[in-house]
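Think of it as A, B and C in the order they're written, each chain with its own count starting at 1.
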Amino acid sequence: MATTPSTRSGRSPGRIAFDRLKRDPAALFGASIVAVFVAVALGAPLLTALSGWDVQTFDKSAIDRSLGGVPYGDLGGIGAEHWLGVEPGTGRDVFARIVYGARVSLLISVAATAVTVVAGTVIGLVAGYVGGRTDTILCRVMDLVMSFPSLIFMLALLSVAPDANRVLLLIAIMSMFSWPYVGRIVRGQALSLKHQEFVDAARVGGGRAAHILFKEMLPNITGPILVYTTLAIPANIGTEAALSFLGVGVRPPTPSWGQMLDDSLKWYQVVPSYFIVPSVCLFLTVLAFTLLGDALRDALDPRGTNA
Amino acid sequence: MILYLGKRVLAVAGVLLVICAVTFTIFYVLPTDPAVHACGKTCSSEQIALVRQEMGLDRPIHEQFAAYVSGIAAGRDGCAFPCFGYSYQNSLPVWDLLTDRMAVSVSLALGAALLWLTVGVLIGVASALRKGSALDRTLMAGTLASASVPVYFTAMILLLVLVQYLEFLPYPDYRPLTEDPVGWATNLLLPWVTLASLYAAMYARQTRSSMIETMGQPYIRTARAKGLHERTVVTKHGMRSALTPIVTIFGMDLGGLLAGAVITEHVFGLPGIGQLTYDAIFKADQPVMLGVTLLAAFFITVANLVVDLVYAGIDPRVRYA
Amino acid sequence: MTALLQVTDLRVTFAAGTAVDGVSFTAHQGRTLGIVGESGSGKSVSSLAVMGLHRNAIVEGSIVFDGEELVGASPSRLRALRGSRMSMIFQDPLSSLHPYYTVGEQIAEGYRLHAKASRRAARERAVEMLADVGIPSPRARVADYPHQFSGGMRQRVMIAMALVCEPDLLIADEPTTALDVTIQAQILELIKKIQEERGVAVIMITHDLGVVARVADEVMVMYGGAPVEHAPARQVFKTPGHPYTRGLLDSIPRHDLGGGGPLQAIPGSPPSLLTPPQGCRFHPRCPIYARASAEICATERPAFIAGLACHYPGAAT
C-alpha cells in the first residue's frame, strides 16, 4: 500500500518518529549534550559571572612571565580560580572563552544552516515543481556550486572580504556553498510529490503555486529536510572552527574555539590542556548533533527497524 | 562512449572557465584593490599606480579576464600580468611556488587516501556482513567517535604522545621520496594517520550502509541461488556494486586534498600547498591565494571527470546511456 | 511415482515471528505444483526454505530432495545442489539480474562452478541456453547487459540461467507478475515447454489463479503461513473446498472457467505475521463464519484433513 501523506488513523508519522526518538538512548544522549551547549551559549554572561572571570581580563598572576607566560599549576592553571585554566601568554580565563566561544560557534553554525536550508528548500521546491527550463538552469547552477572547492573558496573570499560584520559574512559565505545539497534533496522529493493526487487536487482546485508549494508539498518533505539540518549543523560547527583556526573566522578579541586551537598550536607541548579543552568541546558538540541526526533519520525511516 | 567522454570533457572545461571567472571577480573586481594588496600598505600612490599598470589593472575588465585566462592556458612562461601571478611577499612566481610544494601535498594525500580507503572499506564491509552484531556495534560506535574528533586534536595528541613523550617518531620533517624513501614514509606517517583516521571513519559508515543495501538486492539472492560460495557472492556480486558510490566520494575527497590539506599541513609544519595557503592568508598574499584556488578547482573538476569515467567503466548502464 | 521433493511439516521462524507453519507438499518429475496465496501467505518463504536460501531464520520439519534430507544439511552441500540440481527464478527479472555483468557471464557463472567448465565452454553453453529460451541472435546478445533487454527477454535470461545445469527441480516465484499480460503467456508457455522437454519438476508460486490454471497439475492454496487446500488443479477450479479458494476464484474474471457471476472481492486484509488471529486464520474474512458465526472457527485451528483445512468442508461450494 502506498503511504498516504496524512493518515487519519493511528499516530502521525511525526508522532511515531518522536516516540521512537524518546526510546533511543543515542538520541537522548545527543539531545542532552546539545541542550547543555545551547544552555551554556545562552547563559554565557551568567556563567562567567559565576566563575568570576570574563573573556577579556588578563590574569597576570596566573601565568609565569619568566617562562614566556606558561600558566602556573600542572594542568594549564586548571583549578578553583580558573575552572578550565588560563590562556598561556595572556592569562585570560579559558572557561570564559569556551563559554563565549560556544556562542559564536552555535550562532554561526545554526544561522548558516538555517540560511542554507531555507534557500535550498525554496530553490529545490521551485526547481522540482516548475520543471522545464527553470529546473535545468537551477540544476546546472547547483552542479556548478557543488564542484567548487568550497573550503579554499571560503578562505579566498574571506581573506579579501572587507572587515565589516564578520559573523554575518561567515554565515553568508558558509551557506553560499552548501545550499545546493539541500536543493538537490528537496528537488528530488518535490519531483516525486508533484504528481501525487493531493497535489493534483490542490492544483485542480485552483490553488496558487505558492500555496501548493508551501502548504501542500512542503509539509510532506520536512522529514528529510530536518535530518539534513541536524547533520549540517555539526558540519558547519567544524567548518567555522576550521575557518577560525586558519585565521579568517571571527576577529579577536571575539573568542572562538577554532582560534583557541590555532593559538594552542604554539603551546601544545607545554600546556596540553589548552588544546584539549576546545577539542573536547568540538568533539562533544559534533558528536551530539551527529547522534541526533542519525537517530532522527532512523526514526523517520518508514521501514523503521524498531517499529 | 566517445561521445560521452567528449561531453564530459567539455562540461569540465566549462566548469573550469566559470570558476576562473568567479575567482577573477573575487580578486580583481571586488572593491579591494589588488595593487594595494600586491604592493603593501606602505606604498605611495605613485608606486600603486605603477603596480596597477604593471598588473594590467588599468585595462578594461574583459581584456583583463581574457589575459588572465590565456595566461593560465599558456603556463609559467607564456603569460604577462595578471595571470598565475607573482608573489610579492615571496619574491617568486606563483607557478614556481606551487610546483615546488606539489610533491608534499600529493605525498600526503595519496598516502592517506590509500590508508583510509583500505581501512574504511574493510571496516564497512565487515560491519555490514555482521549487521547488528557486537562487532558491528563496536565498529560503528568507534567510527562515529573517530569521525567527530577534530583533526587538530588528533594531530596534536599524536605529536605529543608519539613524538614528544615516547620519542617513537621524529617530528615530521618532509623528505622527498626520491632521496630518502624511508624518511619520507616515517615523516609522513603521523599526518597520514591523522587524515586517515577521520576519512576512514566516514568511509566505513558509507561503505556499511551501501553494502547493507546492496546485500539486500534481489540479484544477491540470485547469486546465492546459483550455489555460489558466500565469499564470491560478497566480493563479486556485492562489493562491486556497493563500492560504486564510494568511488564518487573518494574522487572528490582525493581531489580536494591534492590541492593541500591546509589544517593538517599547518599543524605538522609540512611545506605543502596547504601551508602555502595558510601563509598566503596570513600575509594577504593575493596572487598566491588565487593560484591555490585555481589549482584546487582544477583538481576537483578533474577528479570529477575521472570519477565519471571510472563510473562508466564500472556501470554499463552509464556507458550505454 | 516417486517424489523428487518431499516437504513435511515445514516451519520457518524469523525473529519477528513464524512465517510458515505446518506446510507439506511433494513435487514430482515432469509435473507442476502450483502454490497460490496472497503476499505474506508464506508461499515464497516455503520455496526459499527448499532452496536453503534463508539466512536469518530457523527452518524445521523435513525437506527431502531425491532421498536426501536438506533440513540441517551443511551449507556446502546445499550450495552444491543449488543452481545445479534445483534452481529458482524470481519475480522481477531486472533487479534479480546483476546490472554490472553481461547476461552471458551471469548464465555461465553457475555452469562454470557446477560443471567445472572452462570459460570458453561456459560461454558456448550460455549462447546455447539463450537460443533454447528463444532469444533471437543469441551469439550477439550474450555480451549484452540486462538493461539492454526487455522485461520478457530478461525473464527468459533468468530461465536460461536457472536451467544451465539441467536441474531436476525448478521453482518459479511469481515469474510473470512483473511482466505485461501478453508477455506473461509467452513465459508460461516457455516454462511448460521446458518442462515437457526436460521432464523437470516445477513449483509455480503465484497469487494469480489464472497462471495456475494454465500450467499446474495440482494446486496448494496457502493462507496465513499454512496450506488451506491442496488438490488436483481441475478439482480446485471446479469444486473449491475452502471458502478462501472460493473467494479467490470469485475475485478473478473467469470466462474460461464458466463462472459468469459478478466479481467478488474478499473483504479485509491478510493476517499479520506478528499477531495471527485465534482459531482459523481465515475466519475474520470468512463468509461462512460471517453467516453462521460458528464459535469453533474463532477458537480452534482446523486440522488439515484430506487436502482441506476447514471446519465446514463442503460449505464453500
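As a working rule, a residue touches a chain if its C-beta (ideal position, glycine included) is under 8 Å from a C-beta of that chain, and two chains touch if they have at least 3 such contacts.
The structure presented is a predicted model; accordingly, all values stated were derived computationally and were not measured.
Separation of subunit A from subunit C in touch steps, taking the shortest path, is 2. The interface with the greater number of C-beta contacts, when B-C is set against A-B, is A-B.
If you average the CA atoms of subunit B and of subunit C, the two centres end up 52 Å from each other. Inter-chain centre distance (subunit A to subunit B, centres taken as mean C-alpha positions): 23 Å.
On subunit B, the positions that touch subunit C within their shared complex are 217-219, 221-230, 237, 240-241, 314-317, 320.
Residues of subunit B that touch subunit A in their complex: 15, 18-19, 22-23, 26-27, 30-32, 37, 144-145, 147-150, 152-153, 156-157, 159-160, 164, 256, 259-260, 262-263, 266-267, 277-278, 280-282, 284, 286, 289-290, 292-293, 296-297, 299-301, 304. The residues of subunit A lying in touch with subunit B in their complex are 144, 147-149, 151-153, 155-157, 159-162, 234, 238, 241-242, 245-248, 261, 264-265, 268-269, 272, 275-276, 279-280, 282-283, 286-287, 290-291, 294. Contact residues of subunit C toward subunit B in the complex are 51, 53, 75, 78-84, 87-88, 90-92, 95-100, 102, 109-110, 113-114, 145, 147-148, 158, 161-162.
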